[in-house]
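Two complexes are shown next, each including chain A; its partner changes from chain B in the first to chain C in the second.
Right, the complex of A and B next:
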């Protein structure tokens, strides 16, 4: 990476450094296209199974949660499409391993904030997985069941923004979980807690609009909903766009700020033994 | 068989060396699996029947299928590591040992904390049976269907493992059928399309894990009108698939050529 190497020596991190990191993140994941293709296949199979369950539910309760059957099917394939880019099942960052191996000391000494450095790489990853793992399930879903399309360019643009914010929120959350390894040593327990919270409260398993009573209210206010449910609602046109984007931007800012604070704390905690 | 038990006991003892981690991972598995129950609960908080079945019946299908799947997952799912063994070269070491490769591959890195899911499925099945009031004359089918289900899932894992002798990176594809099969069986098959149900009845016999025998236990007519006799054919389906899997595995091992490095 000669270009990046030269930029290390520059005084402050520039936009082009982050752009490079995005590109490298993209290319790194593009190497494993076989794994992405297999993941897309699995996402598609599960999408088909979930679509049938949702169709049965919406046949029994037409109009449930403000969706019709076509909306529910669309929701199902959209959420399967988010699994890759939003990394809904967790992981995707190398921080936890690097904390355990001690390499994190090197990362903390880099001339760019760790949060932004990792975010850039993660955006590259998300960009590649969007192409490799989001488009195939959506296309198959459209062919098998038919899905609705957003009406108008404005909704498309809002959806693109909402999708990007969803990726940033997902990153913010995973970054905090990964960095917590500095304090917990074993990252697996927290990874499972995160998995449970993310899959259930994001809307991946079931749309949050059908969660009963207070559970639905709470679930829709939590950051996980901003990863899956909210972008899907923007796509379907069932959400008030400025308010939802504001909601997502707020969570993105909160999680990134928390991540930056944790990084500062981690910097003080890491002891480099040399060697 | 004795070697298999010895090997998994060794790995269990290894895992027990870290009791806190072991307890945590077991609990984590139970909780993750419990999410499916939460999903079913949310579905039935919106409707009283799904595909013509009520919540207790769906819980019964989920519990019986989940029990078979989780036991197979505990004992045999490591068969999908064949690709890793081929890439790392560890398969060569297994081939020269005087024990079958299938036994070695499935017992290697045996993960006892997967038992958490078995427990979770057993609890759901127990609760469902308590609420269903199944007549005693039909209960014999439950152990039969669980055993057949274990054989069916184990065979799919073995088939997936055999495929990896051809395509080293194909473990995800097998996952789509094993984990996908388990997901499929969480709901009555009447919610799925007729072609899909025919496929999992006559091609890949996932319908014989909990659906066809489950219809007998629940004493329900087949919503898709398939022959009544099918509900007793789980052992036949399981045996046929096991034979196919054994042949495929053997062909895979025969075909394998070490890179020699």
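Right, the complex of A and C next:
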């Protein structure tokens, strides 16, 4: 085995560290159950509003984008359920604030890759918010409007994988936005840009299936679609599963690799604020 | 144990270059207890960040236990424990014990060894009463002791502390000092601390480095430092004199 690999293996932290970080992320966010409850309530109410808008749209244009009304309502509540775990409106990470305060120095001193460390904690957060913020709107949507269920165990499994990949992609994007604070001094400007890009290109605002021509093609190829539209397509059974999961895995890998590169650049170049 | 050779770090800030540290050379032998003094902005924290591999030097070189921190960060991390007095490595929302347990996994300390070391640190630092308390509910003195424990659980050969007594009351301060003194005397851990509290220096440090404008302005014992300003007897006045008379050079 080449020396570099041996050194990497000898020094890389164990899987149990990351498993522990997932647990801690979950418990840390469980402390703020009040905020999660408020989020669940908001997501549910907006879900109902969106459902009526989509119902009106699909009544006027039946079969639009290959969905019927039940599909559109299901799409609506599924994607409302993504908002918490996938942090569709941005944020969820402390990195930006830690760069501003200088606490990032502690993170960078740790003998573990920052991107994996933060990802693990974020998966714990997503796990908690899945329970606290994804289930309530879905259940309410099912009771009020009725939603379609996936077609068999294989589709459920594929959906679970697609959902998890969506969380990783969302993390990869938010990590890059947050770490950009190192160069921009502040993440607020970029956070607004990210909010617009994510809500539109993910399919949260309107399903991407209704966008015609090149706009739809481009939107469906971008990483944001892999957060919201793609897992919904897997659930609704309108996606080619292996191709779709491959597409998501590719974006997850690209964003995490970019995040790791940015972390390296930050280590070399950046003024670490805060004395 | 620590070797700095013409160490320098500059930053580009709006098209001008700021030299936070320049041409800094010093050697710390194993088992020494060294205090690092200097006015705010002198380059102390930047030096510590280079020692711990957080920042790469822009000139010169530094090694800890023979390793260059910016290139062998993981290997250096096993040799060095770091405490930043104004920051915390502990998980704010979780019990102190959980943060300490994470250190075990991060540094792959085996369970038996870890339990032993935690027992020892719990006794010496008096952590017993608040191991199960969420960190956000700890007083600053308790939190600082928790942070010191977290930095030492993997039994590093060097402990670096950036203002470990900042904001502590006299009793907490005395406890932290006594602990550090014993750590150095009994385990032979090399200690390097930065401080603005001259009580820390007088009570603990056999050797003082004074950094000013990113350069080494003095290296010697506390008594030698006192002797540099004839007529001044209090260490506070000596240091104030030295800071005031340092040539502006940025």
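Assume the second predicted complex is superposed on the first by the 257 of 275 C-alpha atoms of A that agree within 3 Å, B and C clash if a C-alpha of one lies under 4 Å from a C-alpha of the other, contacts with A are read in each partner's own complex, and residues count from 1 in each chain.
One rule holds in what follows: a contact is a pair of C-beta atoms (placed from the backbone, for glycine too) under 8 Å apart; a residue touches a chain by one contact, two chains touch by 3 or more.
Predicted model, so just to flag it, every value in this text is computed and none were measured.
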Which of chain B and chain C A:62 touches, first, second, both or neither: neither
Partner chain in contact with A:186 - chain B first, chain C second, else both or neither: first
Partner chain in contact with A:38 - chain B first, chain C second, else both or neither: first
First (chain B), second (chain C), both or neither touched by A:24: second
Partner chain(s) touched by A:108 [first = chain B, second = chain C, both, neither]: second
Which partner, chain B or chain C, touches more chain A residues: B
First (chain B), second (chain C), both or neither touched by A:14: second
First, second, both or neither for A:242, with chain B first and chain C second: neither
Partner chain in contact with A:267 - chain B first, chain C second, else both or neither: second
Chain B and chain C contact sites that coincide on chain A, given as residue numbers: none
Chain A-facing residues of chain B, complex: 21, 24-25, 28, 31-32, 35, 38-39, 42-43, 45-47, 49-51, 169-173, 175-176, 179-180, 183-184, 187, 190-193, 196
Residue ranges of chain A touching chain B (in the complex, touch as defined): 34-35, 38-39, 41-42, 45-46, 48-49, 52-53, 55-57, 60-61, 64, 186, 188-189, 192-193, 195-196, 199-200, 205-206, 210-212, 215
Complex contact set, residues of chain C against chain A: 11, 13, 40, 45, 49, 52-56, 70, 73-75, 77-78, 82, 84, 86-89, 91-94, 98, 101-102, 105-108, 134
Interface residues, chain A side, partner chain C - complex: 11, 13-14, 16-17, 20-21, 24, 27-28, 31, 101-103, 105-106, 108-112, 267-268, 271-272, 275
